[in-house]
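Given below, in the form of structure tokens, are the structures.
In what comes next, chain A is part of two complexes: it sits with chain B in the first one and with chain C in the second one.
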Partner chain A sequence: MKLRSRQILFFLALIAPVGKLVLMPAQIVSVSKNDLLFPVLAQLLVQAALVFCVLLLARRERTLYSLIESAAGTVCARIVTVLFSAFLLFAAFLPVVEQKTLVRSIFYDTIPAYLVFTPFFLFSAYLCARPLSSLGRMWDILAPLSAVGLAGILLLSAGSADYGALSPAGAAGVQGFLGGTTSSCSWFFDSALLLVLIGRFPYTRGLAWKGTLCYLAGGGILLFLLATFYGVFAEIAVIQAHAFARMSGFFSGMTVLGRIDYLFIFAVAFVMTFYVILPMQGAVGTVTEAFGGKKALAPLLSAGVNLIMLILVYLFHFHTSQVIRAITGTLFWIFPVFSVLLPLLLLLIFGRRPHEKIS
Partner chain B sequence: MEKKEISGNLTSDARTLKTLLPAQDILTFDFSDGKSRKYVCFFADALTDKDLLAEQALRPLGRYAGAPEAKTMATHVLSPEVRTGKDFQKLAEEVLAGNPVVLWEGADEGLIVGTKKITVRAVAEPPTDVAIKGPREGFIEDVKTNTSLVRRRLKTGELMIEMLTVGRRSATSVALCWLEGTCREDVVEEVRKKLSAIDIDAVPDSSYLTRFLTERPYSLVKQVGTTEKPDIFCAKLAEGRAGILVDGSPIALTVPYLLVEDFQSSEDYFVPAYRATFTRLLRLFALLVAIYLPAFYVAAQLFKLQLLPVKLLLTIAGSIRDIPLSPSLEMLLVLLVLEVLNEASIRMPKYVGMALSVVGALVLGETAVSAGFVSTPAIIIVAFSGIGLYAVPNLIEETSVLRLAMLLAAGSVGTYGIVLLTALTLVYLVSTENFGVPLGAPFAPFIRRDLRDTFVKYNLLSLKERPASLSSPNKRRQK
Partner chain C sequence: MKKFLKTIPMKLWMILCALIVFTFFSNDFGLVDIQKTALVLAAGIDRTEEGFALTAQIAVPKGTDRTTGGTSSVEIEGSGETVSECLADLYAKTGWVPKLVFCDLVILGESAVREDTFDCLDYFLRNEYIPDSCLLAACEGSAKELLSSTSAIDDTSALALEKLFSDAAQKSGHVMVTTLREFAIGYFGESHSGYMPYVRSQAQEGDAQGQGGAQSSGDAQQQKPEEKIYTARETAIFSGGRMAALLSPEETFAFSLLEGNVYAGTFTTDEKTYVILKNKGDISVRVQETPEIRLSILCKVQIYGESETASPEHLAKGELSPEEEARLSQTLSECLTGLWNTCAESECDLLFFRRSLKRTSMEVYGRWKDLPLSSVAVSIDARAQSLK
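Take a look at the complex of A and B:
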């Protein structure tokens, strides 16, 4: 079972934007005032260019590990793979924490039990133990679900949004722009996720361009959602932690119909679950490949990774805001190393067409 | 075991065969011909048409005065189904299958005469697949009749029917059917291989074979298609599937199976496409309601009241105020009662069914509500769910278990439990394959062309090609 190029496009257009809708909007608003669109636009453009680069690498139809192994030998490939997997686990921590706060906020009226998020790790352990290529079929289902969920949220919230609140554009200045850009690095590492997937799908003609366009289209949806989010909440957007789950709550028909927006919110949360698990699954997949790919290794690694993540999540349960601040502030530089520098470096080494010889 | 063959000594041969057939319903009939040559005929009492045997085989043999070679004698027997055989084991199997065996003095082989008589019920409309418009014939328990029903609908030389025998003791006849050039050869080969590898005592029903045909035999999800109607069976063969008919079972099996098949009904093809689309979407909606409604009701009450509109919330709050049980326990109890009623109504005699309805509806329903054990919304929701489940009758086993699992997830973790369990179920479903065909096709993997005959049904004129999911070598079905 291999991924299809269509499934990669679905991921870039409709699944990748979903992972940026929980804490990121309020976080950027807090740093860049009402200029939240510019930092995100900058991140999207950089990531789109990197997606293009990674998809060029995919022309060789070799996985990240086998690419490095062919050029630098097994030991070096293993070291890079382990480092990269460690990054993926680090990158997964913020989305998992986000998912936890989201679940506790939108799935319960009252404060739920402490361990209510634990089943997530059981599901994650099951999913991480499966080969990465098995995700493709899920993306076939998740893509339309995401489209319906996002469209529903937008439709229900656009009526309450005052887009004029976004003006005057650029009022936060360069400092606000830079602050917003650096603090949003933790949410824009899609090029690194794509690195995990190369070699697991056939490269079809023009895929690099198609993929970049799909990513930009998804980015467009994300920008529209952010604009609507700020349009709905304006100055108080900074305290609206779970953006997408809050913005549609003012639809006038809800007094009669109940919170029908929850159908769309649940759909997006459902898609998000898979996006959140992807870095962990990627880490397990790459390490399994690097160390022999024995049958028992993936389930063992998966169980271990999820157990560690569970312990960390509950360990920092009462310090969530500090953890988020540390990842998006002090440690933000780790993300560009693996999602910008690594793809560029790989492109430099392996960027030639597959039939060209590497000296 | 040593292979014993006919020796030509009638006394010894008859004794050997009798040793293999000691049962009292295996009878023998001794007679002699115009040359005073002695014969013994072995037959199974209830399985043989004795008049036909006498008319077609025994009378001509009684007048026979030629050489004792079996091949020559066979030309004098008037039955269209006459064979010869040497091996005692094989002869014994033929007798047990209802085909009499004739031995004689100086015989080089025994004669097997096909005068089997099996009492079968009439071809009737199957109770599980009733159609208002369309054919009303259903398969019966006799495999020969069933193959004739198929052959009548597919009058082509490409229809292949291969007879296999499965079951050490039952020696059940199994007909493997496919359309040559339309069904993938590897599918036929794989089915043949799996059927031949079965080593089981008896095969009382086709459902026994499903476990042997699947790649995940312990799976919760079914992986083999079933139908009781020859028209559906033939349509599936024409799409490129292989079919299996089992003697003694009115339920035919088809492979490869797609989950979406069970949302299709034969009637969908006899009514306008828009109507078929509507009913298919209705089936999907009913199934989702059946699985999720009890779970969401419990999750809403326990964890997320905002899911309900305010007025409905007030009504529900009023009716559950004095209920002593927790929402999940209450729902579980009512669901269990429904399952018990369902089970009992299938098993008990029809004339008691009326009493059961009264007990179920009045005593357990109305009285339980007025006594304050369960709330009215719980009864309504379970009733909706119960009805919804039967909108897709072929998936009842799977969906009723899933409904219960969803309820448990909702009662313990709430709506997030439902979301996670749904995710788990979907991952499991989309990664299941059988005979190289993914169960979730054409949705996962997404095959756009095949969507024309899924929940949205296109006009028959638009369905020019066979489903790409099945990878039939013959892609076009109409010009």
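Take a look at the complex of A and C:
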């Protein structure tokens, strides 16, 4: 069973933006203040270009491992695959921590039990053991859920937003822009996620363009959400750690209807769960392929990866801020290496064949 | 059998999905152990020598002497150097875990607003389990007295107070409501200003002991606490977190009009009551040689009541004569002037002059941000038009 190109487009337009809605908005506001849209726009444009590149690579209809193997041999391919998988696991840590803080803060009235998030890893272990091609059916279901969730949140929060708070543009200066761009690198690695999927879906005519446009459309939704978020919270946006789950709570009809926004928050949080697991699933999938694809390997790897992740998440439970600072501040450069340089390098090596037309 | 085995992964997947939905979104299945949890409906904060005193109005699941319906409540006070310590004190005293997720109202007593209020509001903003949409109000006297008083209209004073801040009350234009979020944005913004409705309580007129009651129940009447009614027609304005001045009911109404909040609100002047059926308000800042703030309101009004008898034809139309329009416009202009003067004298940037400067450009903001409000040129335009 293979993924369909439609499912890839769903991922780019409606699943990918969801992963950037928890800690990222407040994190960027802390650096870029009211200019938060510019670093995100820059990241989106870069990622959109990279999505185009990765989808061009997908025309060969060969997976990442087999592409490298054909050019550089099995050993080299395995080394690159393991390194890339290690990156995916590193990249997965922040989304998992985000999901944990979101669940603990938003879905409970008081601080919940310490281990309340543990079942997530059970779910994740099962999903990671599944082949990557199973993602397609999930995205078919999750994409409409994400669309409804995001639209509902926007609808309920736009009325409370003062979009004038975004002016004057450029107040944070170049430093604010650069700081915002570097600290948001940890959330923009969609091209790397797409790299995992190449060779697992047939390249249809114009998919590279369609994919880029879908990613930009998703980016547009993300920018609108961020603008609304800043419009709602303005100067206190920096302390709103769970952006999308907070901004719709001021809808005037809430006094009569109750917290109906929770329906939409639940929908987005549910979609986010699958997005959070995706890098881990990608890591397990690529390593399994690289090392022979034996039947027992994927479940074993999945169990191991999730056990390690569980230990790390609870080990750093009381150092969450420090960990986030380290990933977004000190170690941010790791993300462009694997999500920008690697796809570009691969495109240079395996890109256009002579006389080949981009359709 | 093989077919069944093939479908096991999908079934397992579905079961796990259901499991995760339950564990994530269960909110402990909404179970609240009412014997161990204090559902705080409202919090009142007063400043003491030690630090703060927090009075929590807690909903209780038992009948009181007034069991005719509604919500029963008790007021418990905790004290400490910080608001957080007050809550810990409250927990230590009662064994109830204070649950603030239903806390929709925070009342600040006179002593609390005399100094920077954010040293006590800070806790509510930090705490992830308290909604930022909770209402804020300042009150005459102490917040403890207000919350502990017996309302004439509801068993629980907090619920009676919240009625004052309803959407309908806001549309009347006679109360200006603010939330923790709005107040915090104003406080941390360039203007460092904000407002809260100012609550006064007074004994219910005609509630004199023994009035209307049978002599046989005289003793019970004697013991009955004095019932209070609350008003919030004035607005406390804040600069740098301290209460800077109090807006009169007329100035509060003008402020409501400026914010464009009024719909079907009434305004009485010259022995005539007018109803505002459409309201547009605008505050704009123009910077040419010097900055100028322009306050404008446009209202579509109808006559709603007069102190003298009018003919049926006049009653049917409810239209204003040009003289009445001019007179009402002038009165509203005077209210707006009074509002601006109160703000300027107390150096409270309630109308966000400095924020508007910043939104114009950083250069303009840098040049004029230190200009005292009393030196800012103001242009006021209030127009009342009869609904034809």
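Everything that follows uses one rule, which is that the second predicted complex is superposed on the first by the 352 of 359 C-alpha atoms of A that agree within 3 Å, B and C clash if a C-alpha of one lies under 4 Å from a C-alpha of the other, contacts with A are read in each partner's own complex, and residues count from 1 in each chain.
One rule holds for everything that comes next: contacts are C-beta pairs under 8 Å (C-beta built on N, C-alpha and C of every residue); 3 or more make two chains touch, one makes a residue touch a chain.
Please read all numbers here as calculations on a predicted model, not as lab measurements.
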Side-by-side fit of chain B and chain C on chain A, or clash: clash
First, second, both or neither for A:Val103, with chain B first and chain C second: both
Chain B versus chain C as contact partner of A:Gly258, first or second or both or neither: first
Contacts of A:Phe120 with chain B and chain C, given as first, second, both or neither: both
Which of chain B and chain C A:Pro112 touches, first, second, both or neither: both
First (chain B), second (chain C), both or neither touched by A:Pro168: second
Which of chain B and chain C A:Lys33 touches, first, second, both or neither: neither
Chain B versus chain C as contact partner of A:Glu235, first or second or both or neither: second
Chain B versus chain C as contact partner of A:Phe250, first or second or both or neither: second
Contacts of A:Gly136 with chain B and chain C, given as first, second, both or neither: first
Listed stretches 27-35, 63-71, 225-233 or 243-251 of chain C, narrowed to the one that overlaps chain B: 27-35
Shared contact residues on chain A - chain B and chain C: 103, 107-110, 112, 116, 119-120, 122-123, 126-127, 130, 255, 266, 269-270, 273
Complex contact set, residues of chain A against chain C: 103, 105, 107-112, 116, 119-120, 122-123, 126-127, 130, 164, 167-168, 171, 232-236, 239, 241-242, 246, 249-250, 252, 254-255, 266, 269-270, 273
Chain A-touching residues of chain C, taken from the complex the two chains share: 9, 12-13, 16-17, 19-21, 23-28, 32, 97, 99, 101, 125-126, 128-129, 131-133, 167, 179, 181, 184-185, 188-189, 358-362
Parts of chain B lying in touch with chain A, wherever the complex brings them together: 303-310, 312-313, 413-417, 419-420, 422-424, 426-427, 430-431, 433, 438, 440, 443-446
Sites on chain A touched by chain B in the complex: 1, 4, 6, 103, 107-110, 112, 116-117, 119-120, 122-123, 126-127, 130, 134, 136-138, 140-141, 255-259, 262, 266, 269-270, 273-274
